[in-house]
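The structures come next, written out as structure tokens.
In the two complexes below, chain A is the common chain; its partner is chain B in one and chain C in the other.
On to the complex of A and B.
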């Protein structure tokens, strides 16, 4: 069978990255558990109820929060609503296409949503206007602007930062605006399996050759609140628990250093 | 009245440590697997797991369509997880929702770990998973049956993938949550492994667990998967045994 030039380059790249990982280093010189510098710029879109632009290395995402009145779900009349959506904009990568959300976009939105929802970050029960009739609906919309790997962590961080700043526009119904009621601050850390090594916060080159992906979200108490394994490769039990330990450690650091919490 | 989706006062584990359906913390619900239940499909399987009833059909390897989905070096696994409108208490709108898209993706990826996809370039192996009745744990039930259906279709694999879920209920780590436990519990951890190598090929989690609880949950699931793995093999054996008997019957005439 003939191989295209792309496949040959891909094969060489994978071998090279696996080799340097086995020797203890990464292509951009980071340690295995070292994440790229994250820069958070909140209130980027003042017209939104909350927003944050995050740069994680060369990955750049923008999250906007809109909060509107709506009807509660019939099975949760005493609870506000949280909804998350991701757009992989074609401007962010030659591999992204316009059109309905791809599988990848849906998974991204659901993994970010799970971290926020399962950590009980927002006290949704405080977002009821009239029980069973009217509640506040929190829309998290994530725009991917520039793709250089690890959208899950960049989007999770941007969504959390935007929610921390967001104000509920209660002045529209004759009360005073109030900040979203926050209980917890979840941080998600994603790992790529390259060869037999797990590396934190993969960049695009590392993502291109990873065999499996694992995301672990933790809260400020060091409890695990959400996980997602992705891609067609496997991980071992040891991979899992080393990722959990690193996620707890890195989460603490990001919470303090980047979010000041 | 109990309100869905909220913490409630109902006790899910009683003083004797038994769960609402009478199981111990490490006990599975009854599981029954049947092989070759559909005529047209290249391979098929049916699983009953507690109140879950899931049917799986496998077609392929066949030419991948549309053409741009073809991979010149291997087969693509196209898993489609679908819930019947009548499978849950409140009718589910038919067609794939975002949850189904995500579950289809992780199930396909888990199977990809086991199938020798490189033997069938440019083809697709289509795995259709229909949840006829749902009772928590449908994705691991579907995945477990899908592996059996792949074998029934004669598709070469490193091993049969087995799934199982564990979680946290009333603050205790328990195996294989049922619907009530899933609704009112504190965590759910669906997982699937390749028994021979113990590699983890599917892993998701939501809720709240400490590292120690997580270790307990992973151990419980791993033990259970070894047992379910035997059920998969027995189901396959049962099909071929009954075929043998039919053949012998013909000779006797």
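On to the complex of A and C.
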């Protein structure tokens, strides 16, 4: 399939971004390890069990949490279920099309899911109503409202913020509503490789020209809980270690400043 | 001549009193009354009242100087994205290069940026572009910024006053395309200043006394 006009990058933009990164500056004046201002607005959808709207610069996403009763998987009879789904709405960007989920939407959902699942953020074993028969199913639905780069970080942050606020509607089965059992708070930070530089929280222009992408999720103890490398470019050992260090540092900052934890 | 209707913001379907001016672009009439097609600002020019839309796509006009991006290559012409309703075509005969049976890809490749003009728009709405005029060329180096095509005349200013002010104070090379594509070349921090000022002009385009305010902001950031 040939690319649409919007997906073809101006060749000189690619050269320019690589040039200024090599000189030590970024297109919007940020430092290499500086992320954009994140604004979290929880309880955005009052009828959902939990929700959060996140603005990361001009990127805007909305995450809703739905918690319903369901049957556990046969191989995990004593564990609740977590499912993640992402929707790239056509109104968010001219390059998003309606229809079945694109590869990007699937990857986005899986990376966000992995950060939450592998960090053991939610204690799924406490979501069992009757072992082997009935458990709580947590749905994380992510909607992209405006796309200006780095959906992974925006969605991860929104999903985590929404889960922290979410209440399990146990009053429906005759007991009391309770907040989701939370063990950890994972924060994902994504890096783009432009030329030979790794920049944190790439915006749309930087994402257009990146040769490789690396997402690192860390928990509050500074442990790496999940990673995803994207695109065809390569990253060096030093890139990887500096990305992990930055991710831990930024994660601490976001946990304290944005989530208040 | 200054009229009350000048610089008034109108909504689609809003009735307009022309105050003796002729019906220009963006205005239709029904039962002897005049209405606006678009959300925009009324401007008068040569006894015509026109509505300049606040936002919109680029509509190519003959002899417009625009910045295009190669999106595909055909046997004897390039297909260019000009941010218009249709792609534009640049034939090898309308360029200074001679096609000595060589691959067009070697002259201009996909993603290359070219400063060109609209040569002709045919009856079937094909847009033919040309590189044969003074100043038209392939753009190399520098950076690309997008603005609303409808705001380009504001960025140029009266007799080029706005764009010349920006060039003088920042020292950044600027090439404006009528289609809202702007090419900037300079140091990273100056390009960022120009980028921000272009966004500012875009936002404040409907207000007056803008050139002086832009000058003040630029001098403060120097």
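By definition in this document, the second predicted complex is superposed on the first by the 252 of 261 C-alpha atoms of A that agree within 3 Å, B and C clash if a C-alpha of one lies under 4 Å from a C-alpha of the other, contacts with A are read in each partner's own complex, and residues count from 1 in each chain.
Methods note: a contact is a pair of C-beta atoms (placed from the backbone, for glycine too) under 8 Å apart; a residue touches a chain by one contact, two chains touch by 3 or more.
What you see is a predicted model, and the numbers here were worked out from it, not measured in a lab.
Shared-chain residue A:8: touches chain C; no touch with chain B.
By the touch criterion defined above, A:140 lies against neither chain B nor chain C after alignment on the C-alpha atoms of chain A.
Looking at the shared chain after the overlay, A:110 reaches chain B, while chain C stays out of its contact range. Residue by residue along chain A, chain B and chain C are tallied for touches, and B comes out ahead. Legend: residue contacts after superposition of the two complexes on their common chain; A:23 is shown touching chain C, with no touch to chain B. Residues 3 of chain A lie in contact with chain B in one complex and with chain C in the other. In the complex of the two chains, the chain A residues touching chain B come out as 1, 3-4, 7, 75-79, 103, 106-107, 109-110, 114, 117-119, 214, 219, 222-237, 239-241, 244-245, 248.
The residues of chain B lying in touch with chain A in their complex are 3-6, 72-73, 77, 90, 98-99, 101-102, 104-106, 108-109, 112-113, 121, 189, 194, 197-211, 214-215, 218, 222. Chain A meets chain C in the complex at residues 2-3, 5, 8-16, 20, 23, 25, 27-29.
Considering their complex, residues 69, 71-72, 81, 87, 109-113, 139-144, 188-189, 192 of chain C touch chain A.
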